[in-house]
Every structure is written in C-alpha cells, then in structure tokens.
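In the two complexes that follow, subunit A is the common piece, with subunit B as its partner first and subunit C second.
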Partner chain A sequence: MVKIRVENAWKEYKKKSEIVQALKNVNVEFEAGKIYAIIGRSGSGKSTLLYNIGLMDTLTKGSIYFNEKNVSQLNDKEKSRLRMKEIGFIFQGFNLNKNLKVNENILLPMFINEKYTKEKRKEKVRALLEMLDIGDKANRFPRELSGGEEQRVAIARALANEPEVILADEPTGNLDEENEKIIFEILKKLSLGGKCVIVVSHNPEIKEYADKIFEMNNGELSKNLY
Partner chain B sequence: MKKKDYFWLAYYKIKRNKFKSLVVILVISIIFFGGLVSNLIETSLNKYQESLQINVACRQLEIDYNNKQYTEEEIIDKIGTISHANNIEQIINSSYMNLYGNCDEFITEENTGYVEIEGTTNEIIGNELIGEKFHEGILNEVIIPKKIYATWNMEYEIYDTECINGENLVGENITIRDGEEKYIFKVIGTYDAEKIYNAPNVLYVHNNTIKNIKDSKNQEKSSSVVVTVDEVENIETVWTEIKELGIVWRQLIQTLVDKQIEEEAPIRKNIYTLINRTTMNKIEGIIEVMKIVTYFLSISIIFLISIQKVIEDKKEIGIYRAIGYTNNQILRIKQLEILLLLFLGIILSIFLFIILNGIAEWGINDYINKEVSGITQREIQKMLYNVSQIPKKIDFIKCFYIVGISIIIIGVTTTITIKRILRKEILNSLKYCR
Partner chain C sequence: MYQKSIQAFFRKKTTYLHLAIIIIALAISIITFCIKDYIGNWIELQMEGKDYLKTMVLNAMNEEKQKQIDEAAKEIEKIKYVEEVRKKYLNNISEEHYMYLVTVDNWKHIDYVKKQVDDMGYILGGGKDAFEIQINSAQYIQKFASFVNLFLNILTTIILLLFSINLLKDEKADNMVLKAIGYTNGEIWKIMLVKIIIFVIIAYILSQMIALLLAPIIDTLLFNYGIENYKDYMLNNWNIKPFAYVSLIIFTLGIILYLQINKIKYISDRT
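Entry: the complex of A and B
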C-alpha cells in the first residue's frame, strides 16, 4: 500500500529574465485507496505538482517520499524504473502513439518490464481491454476511436504494469459529459481497488468522486477543502 | 527491453508512416547515389588513366642515334616512313645518352650495357666488384675505368681518395657480384671514366667488336627519340623496321616500362591520353566539386533529418518517458529508426546506381572515338564501362567513410537533441491538447 508525501516542495522556472515560482512550499500526503482531486486556475501549479510527484520533473527544493523513501534524490534511471513499476499517467490529450494499434499501445509499457513474457503480455492486454470495455477495438488505430475510447486505451496503458499510483492530468478535458462520467467512474473503481489516484481537473464533476480535494493557488496548496 | 522490441518499434514507425518515410529514404538515396556516381567516375578515371599509361608506356620505344651522323629532322623523316609508328618525340640531355655519347668507341651491334660499381677497396683488390647488372646476355670481356674509386657520389661527383689503378687489371679476370650471382670477366682495356658525365665508376661490358679507347670530349654524341607504336602487337614489327633503317646506335631501350629507365617513364605518363590534358583537368575539377558537394550535402541532410525526426516526435518521446522508458532506451529507439531509414536509403541508391551503370554502358558505346591514340573502343569499354567490374571501380573504403560519418552524426545529433528535449520541452509536449 503506497503512501506519498510531498515535503516543503518548491519549483522555480526561469522565464526570460524572470523567475517564476510554480510551487511554493507545498506539503501534502496521499494514500492508497483514495482518489484525490487538485483543482485551481490555469497556471496555478497543479500540473507542475502532478509531474513532480510522477518524477517527470525535479523540484528546486524539497522532497518527495514514496513509502518513506526519498525518491527526489534518485538518478534518472532509478526514477524511470519507479515510474515504470509504480506510476501510471493519464493525460488530457490521451497521448497515444498514433502509429501503433490499441493493443500495441497497451503493450508499450510492458516491453520494459521484465516480469512479462510474450504470453503474459498478450493475456494482460486482453484482460485490460475487457475490463475497460474496448475488447473489440484491439486492432484499431487511435484515429479510428472516439475520445472516450481513446482515453480508456490510455487508462489501460497506464494500468499495464499494475502501478500503485495513477496520476491523471485533466483526464476528461477533451470528453463529453457521458464519457466524463465513464472515466471518473473508472478512476473511482481503481481507487477502491487500492490504488492511489491523483487527478488534476477543472471539472466540477470530480467533487462527486474525490475523497479529498485540494486547491492550488499561485503555487500554494490550500488545505483540504472537502 | 529486448533488441527485437527496439527493432519492432522502429520498423513499425517507418511502416506506418509510409509517405514520410519514403520521402526521407528517397532524399538519402539521392545523396548517396550522387556520392557513388562521383566515386565511380573518379575511381574509373584513375583506373583508366593507369591502364592507359601502362598501355601507352609499353608501346613507347626509346631509340638512340648518333647526332653527329643524323639530324633530328632526318631521324624523324626516316622513322616517319614506318607504318604503325606515331608521335615521334625527341629527348635530349639524357644522362644515359651522355654516358654512351662519351664512349663512341663502342661500336657494338647489340647486347652492350654497363655496370655501376659499388665496392670497397678490399673487394676491388680481391678482383671482386659489387655491381648491378643492367642487362641480360652480358658477354665476358670488359673495359674498366682507369681509376676505380672505393666510394663515390654520382650526384655531387665526390670521389673517395682511395682508388685502384684499372690499368693494372688489364689482362686479368675480375668478378662482378650482382646479389647472389657472380660473373667473371676478362679486362681487355681501360677508359677515362672521369670524362664521362656522371659516371666515375662505370664498367663497360661489350662484345668482341671494341677496337680502341679514345678520350672523348664531345658530351652530346648521341640523342634519343621516343616512338609510340599504335598497338602492342606491332612493337616487334616496328623495332625490326627501325633496325633495318640502320640509324640505331649502340642500344635500343626497348620500352619505357623497362626497369632500366623506370625513372624516365613518369615524364611521359601524361602525354598520351584519350582525353587531352585540358579536358581531363576540367573533368577532374568537376568531379572534385561533385565530391565536395555530395559529402557536404549528405552530412548536412543526415544532420537535419536526425534533428527533424526527433523534434517532430517530441510527444512520442514524452510518452515513452511518462511510461518509464529511460533516456538511453528512448535514444536507442530513435537512433534505430533513423539508421533504418539510412540503411534503406543506401540500398536504394545502390540499386539506382546499378541501373545507371547499365544505361551508361549501353549509351556511351556509341560516342567514344575508336581511333584516338590507338586505343580501341573494345579496350575503352573493358577499362571503363564493364558492369561486371563495378566492384573494382568503386572505392568502397571511401564510401564507407561517408556511411560511417553519417552514423556518427546520427548518434551525436539525436543524443544532443533528445537530451535537450527531455530537459526543457517534454512536459509542454505532453500537457497540451491533441
């Protein structure tokens, strides 16, 4: 059961001659089995926090702990390995590889996971497709799918290596109402299944599903709103 | 990650972007094709000139004549009557001619020559001299210099003070050692070698027709002409006809590829070519420009393709990063993709090149002048445009240089570009809408 702790996190960017503070002394904890929402205006630092938790970016100051282990100090190879094993990303723009079919997109993370043999990969892909109700789309390319279907493929890809943490950056930003609900329900199910799900979203619907909501304002994280 | 998985990712990227990939492959193939063509022309031209030079050199006969007896015009007129003999050219001031010119007492019919002696006084005293035999068929009587020096420097005319008096050896047998072989000669006379240009320690080997030895003050008793025979098969005929003219004096140096006068052959190397020197220079100039342009273009284009392919795939790189691929794994995938395109481009360029060579062989045959410098059309074809000889005509080592440089450029460029993207731009490429 994973536990994530962000401690005294600062992130600064240099923009021309200016220094922009995207995160200012953020302290927060996330636990397994819950769905967390981070809301706020554009540019408030929500995605910055998410990507730093996901080890895609490096804090200027502060630390991130996964199960009490300081992961901010890891080298690139170790961070990649942790990302591969423990973290699944879902993006607003889906970010599927348009040159690969649906099943091949889901296979992508499994290539670098030595626990999967060829047969196990096939099995896993089949299982994920069934779970997300896109079993009949296995041999289609992303351009042949609807927005909702694409996002479900992205979720399947994020779940390929059975991560403990799911990080979703505006997962419903490009979807209609019906598909929004479907996606949020999937995320809720995942959290109930024991995963730690952190969602960055503008969508007020998230309040219906989140266990905790944080608000980001100008790089600062306010307390639990909900 | 397994190697085949890298290959699979690169292959499917290319396969599923057929149009873009084809454009890149075509561009690469055209560049390498240009390189192959310029390489072929350059190497073929060099090989052709080389064959031509040998072909021409072995058909050039150098003939001595007594320039007191005949003028140059008379000689040229006489030789001009011989069929198959072209391009008569006079050589003057040959050191060897002066050598012979100072010994006009040697009225020999054939098989005369000389040996340059190197030796120590010990060996001279022992009647054994070390020398180098320049001609085969040496007979067993000699005349030797009046003074034989232990060491000498031909170029600067430096004489060692130690010497032996050659006149003391008249009537004696001496041994000339040439490598492992030894030749015994009887000394029948001496001559004043110091008056002979550049030949202090030269030992003359001659046949029984030598009469008397006289000092000669005339440095230019003999001259030479070079005659080019039209075909190798006609060399013997021409030599026989020249001998029958009765103008040959002392020695006919058979051909310019004869070892004895190898140093002189380069002087004549560029005289007779199929294409005249001015045109040849122009062609060589064009080839040089082609080569530089091709190499520069291929390197630039490989460089640009490497950068462009990485930049357009920023999002894809971001995805790989997000799902846990390391920087090295991402690098390998992108580099393999570009290398695969490079490889396919090279294969296509070789294929185009083989087609061009076939067309050239068929097309150029009709335009080559048959009779220029006596080279037949058949010989030209054999030297230049024989498809089965293509591997010998391309300098593959040079071609591999450019492929090697391309691979290095791909490696360096993709590494730098991907690292930059991963450092600065990857999050933006992932964040924004599709």
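Entry: the complex of A and C
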C-alpha cells in the first residue's frame, strides 16, 4: 500500500530575469485506494506539483517521500526505475507516439521492465485493451481512433507496468462529456482497486468522483476542501 | 528497447525526405573528394621520375651582372626547400661565362622558391614551366573539386545539424513520455543516437553507391582533360576519409544530443 508525502515543497522557475514561484511550501499526503483531485486556476502550479510527485523534475527545496523513503535525492537512474515501477502518467494531450500502433504504444513501458517476457508482454497488452474496452483497436494507429479511445490507450500504457500511483494532468481536457465520464469511471475503478490516483482537473465533474479535493492557488495548496 | 522507436522513426515520411537530401549532399561531397584526391595522385604520377623538372636556372644577363649572381646564389642556397645550387660553365662561349642550376627537393616547392628569388630581384627560369601547361587543367579541376567539396562538407554538416534539431523538437513529446514511463536520460539518448547512426550510415552507403555508379560518367569527363583511369581508381580504392568525416559528424551530434536530452522535463500543457 503506497503512501506519498510531500514536505515543505518549493519550486521556482527562472524565466530570463523573472523568477516564478510555482510551489510555495506545499505539504500534503496521498494514500492508496483513494482518488485525489487538485483544482485551481491556470498557472497556479498544479502541473508542477504533479510532475514533481512523479519525479519528472526536481524541487528547489523540500522533499518527497514514497513509503517514508525520501526519493527527492535519488539519481536519474533510480528515479527512472521508480517511475517505471510505481508511477503511471496520463496527459491531457494523450501523448501517444503517432507512428506506433496501439499495442506498440502500450508495449513501450514494458521493454525496460525485466519482469516481462515477450509472451507476458503480449498477454498484458491484450488484457489491458480488454479491460478498457478497446480490444479491437490493437493494430490501429492513434490517428484512426477517437479522442476517448486515445486516452484509454494512454491509460493502458500508464498501467502497463502495474504502478501503484496514477498521475493524471487534465485527463479529460480534450474530451467531450461522454468520454469524460468514461475516463473518470476508469480512474475511480483503479482507486477502488487499491491504486493511489491523483487527478489535476478544471472539470467540476471530478468532485463527484474524488475522495479528497485540494485547491492550488498561486503556488499554495489549500487544505482538503470537501 | 530500440526496435519500436526505430520503427516509428522509419514510419515517418519526413525521415525519407531528409534521407534523400542527405544522400544527394553526401554523394556530391564524396565524388568531389575522390576527384580531388585522384587528380592529386595523378599529378604526382605524371611528375614521377621527371627529376629535371625540379631544376631551375639562374642566368646572368651580361658580363657586369656575372658577379652579382654569385652573391644571389649564396642567398638562394639558404632558401627553404632548396637542395642544391650548382655552378655550370658554358664552355662553348667562354671560361668566364657560367650559370647556376638550382634544384629543389620537390616540384611542389618550385613556386615557393621562385617567389623568394623573385623578391630578391632575380629570375629563375625553367623548372616545371614546360610541363605546367599539361597539368594546368588538371590543377584547375582539382581546385574546383576542392572548393565544391569544402562547400558540400559544410552544407552536409549544417543539414545534419538542422535535421537533428528538428528531430529533437519533433520527438520532444515522445521523449518526455519515454522519460515518464521510466526510461533514463541515458537510454533516451542512446535511442536517439542509434536512430541517427542508422540514418547516417544508410545515407553514407547509398551515396557511396551513387558515387560508384557515376564513376564511368566522371571518368569520361576527366578523360577529355587528359586525366585517365578515374574509374579504376574508384573501383579499386575505398577512400576512408569521407567515412571518417561522417563518423566525426555523428560523434559531434551525439554530444550535442546528450546535452539536450538532459534538459527533458515535462511539457506544460499550456506551454
């Protein structure tokens, strides 16, 4: 059961002469089996927080703990392996490789995971596609899919290495209402299955699915709103 | 790990467009290099054994000047590349009448020595003058080929650099995803580098083949200027230098990519 703790997190970006404080002393905890929503205005620092939790960037100050282990100081290789095993990312723009077929996109994370043999990889892709109801799309290219289907492929890719944590940055930002509902349902199901799901979203709908909601305001994270 | 990324790279239409451009540029670069190199060898060959070409004559115009050239001869002996300065009597005219024969170590240095002597106010006659007309057009072609070669080398380097920058931009999102799903910066770099190496090697092999296929045509062209056997040279010699040049480019690109790859973070959706 994974537990993530962010402690006194500060992040500043240097833009030419200007310094942007994207995170200001953020303290927060996330647990397994729950779905967390982070809402807030554009530019308030939501993505920055999410990608720092996901070890894609380094905090200016502060620490991130995975199961009480400080992971902020790990090197690139260690962070990468942790991302591979423990974290699945979902993006607003899906970010599928448009020159790879659906099944190839999902295979991509598994190539560096030694726990999979060739057969197991294939099996896993099939199971994920079934689970996400896109079993017939395995050999299509992303351009042949609808937005909702693309995002489900992206979710399959995020789940390929069976991570404990799912980080979604505006996952429904490019989708219509119907698909938005499908995606939120999937994320809810994943949290009920024991994963720790953190969703950044503008969408008010998320309130119906989230166990806890935080608001980002100018780099500061509010206490639990609901 | 590499296979899918390479597959994706070769499914892109732009890859083939870039490949075509690079192949043409590299082919011209290889051909001009070979022409330059071959003509150099050819001139050497023409000069071989013709030692008399290395000897020039310092003559006195009249009786009064006779003493002055003794001084000049001593100076000439000190000039770089001059191997020997020998006095030669012209017996048939008079005992007092002589000239100096100046021999240089290599015909390539004739122009240099002539220039030095000219600066001293004397004129050296003979040497390769007689022969120069024969190799003149060859040297002209060689200079032209060198110029085109240099130009194309610079062009090829710039094009490859632009393609790499373009590739980095084009695959920025894909690389960010690779990072997100757990690839290290080093692994992402290796994937990029392997793609570029395969790309450049394909381009090199194909342009080398074009250079070989065009050899008969160039052979005919050069033959018109009295330069023979270019085709044989192309078929029998594999010039390592264009390959070394290509390897150097890949090496440089590798370093540039490495510095860039370490900057991969994430793409903010609002840019």
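Heads up, the rule we're going with is that the second predicted complex is superposed on the first by the 226 of 226 C-alpha atoms of A that agree within 3 Å, B and C clash if a C-alpha of one lies under 4 Å from a C-alpha of the other, contacts with A are read in each partner's own complex, and residues count from 1 in each chain.
Quick note on the criterion: a contact is a pair of C-beta atoms (placed from the backbone, for glycine too) under 8 Å apart; a residue touches a chain by one contact, two chains touch by 3 or more.
Owing to the predicted nature of the structure, the values given are computational and were not obtained by experimental measurement.
Annotation: superposed three-chain arrangement on subunit A; subunit B versus subunit C shows a clash. Of the two partner chains placed by the overlay, neither subunit B nor subunit C lies in contact with A:Glu180.
Within the superposed three-chain model, A:Glu149 lies out of touch with both subunit B and subunit C [touch as defined at top].
Contacts of A:Glu164 after superposition on the shared chain: neither subunit B nor subunit C is touched. When the shared chain is aligned, subunit B and subunit C each come close enough to touch A:Leu100. Of the two partner chains placed by superposition, subunit B and subunit C are both touched by A:Tyr51.
Of the two partner chains, subunit B and subunit C are each touched by A:Lys85. Contacts of A:Phe111 after superposition: both subunit B and subunit C are touched.
The superposed model built on chain A shows that, among 61-69, 97-105, 115-123 or 259-267, the segment of subunit C colliding with subunit B is 259-267.
Once the two complexes are overlaid on chain A, the subunit A residues touched by subunit B in the first and by subunit C in the second are 47, 51, 54, 56-57, 76-77, 80-85, 87, 89, 91-93, 95, 97, 99-100, 104, 108-109, 111-112, 157-158, 160-161, 169, 173. Of all the residues in subunit A, the ones that touch subunit C in their complex are 42-43, 47, 51, 54, 56-57, 76-77, 80-85, 87, 89, 91-93, 95, 97, 99-100, 104, 107-109, 111-113, 157-158, 160-161, 169-170, 173.
Interface residues of subunit C, counted against subunit A in their complex, comprise 1, 4, 7-9, 11-12, 173-174, 176-187, 265-266, 268-270.
Interface residues of subunit B, counted against subunit A in their complex, comprise 1-2, 5, 9, 12-13, 16-17, 315-316, 318-327, 329, 426-427, 430-434. Note for the complex: subunit A touches subunit B at residues 47, 51, 54, 56-57, 76-77, 80-85, 87, 89, 91-97, 99-100, 104, 108-109, 111-112, 157-158, 160-161, 169, 173-174.
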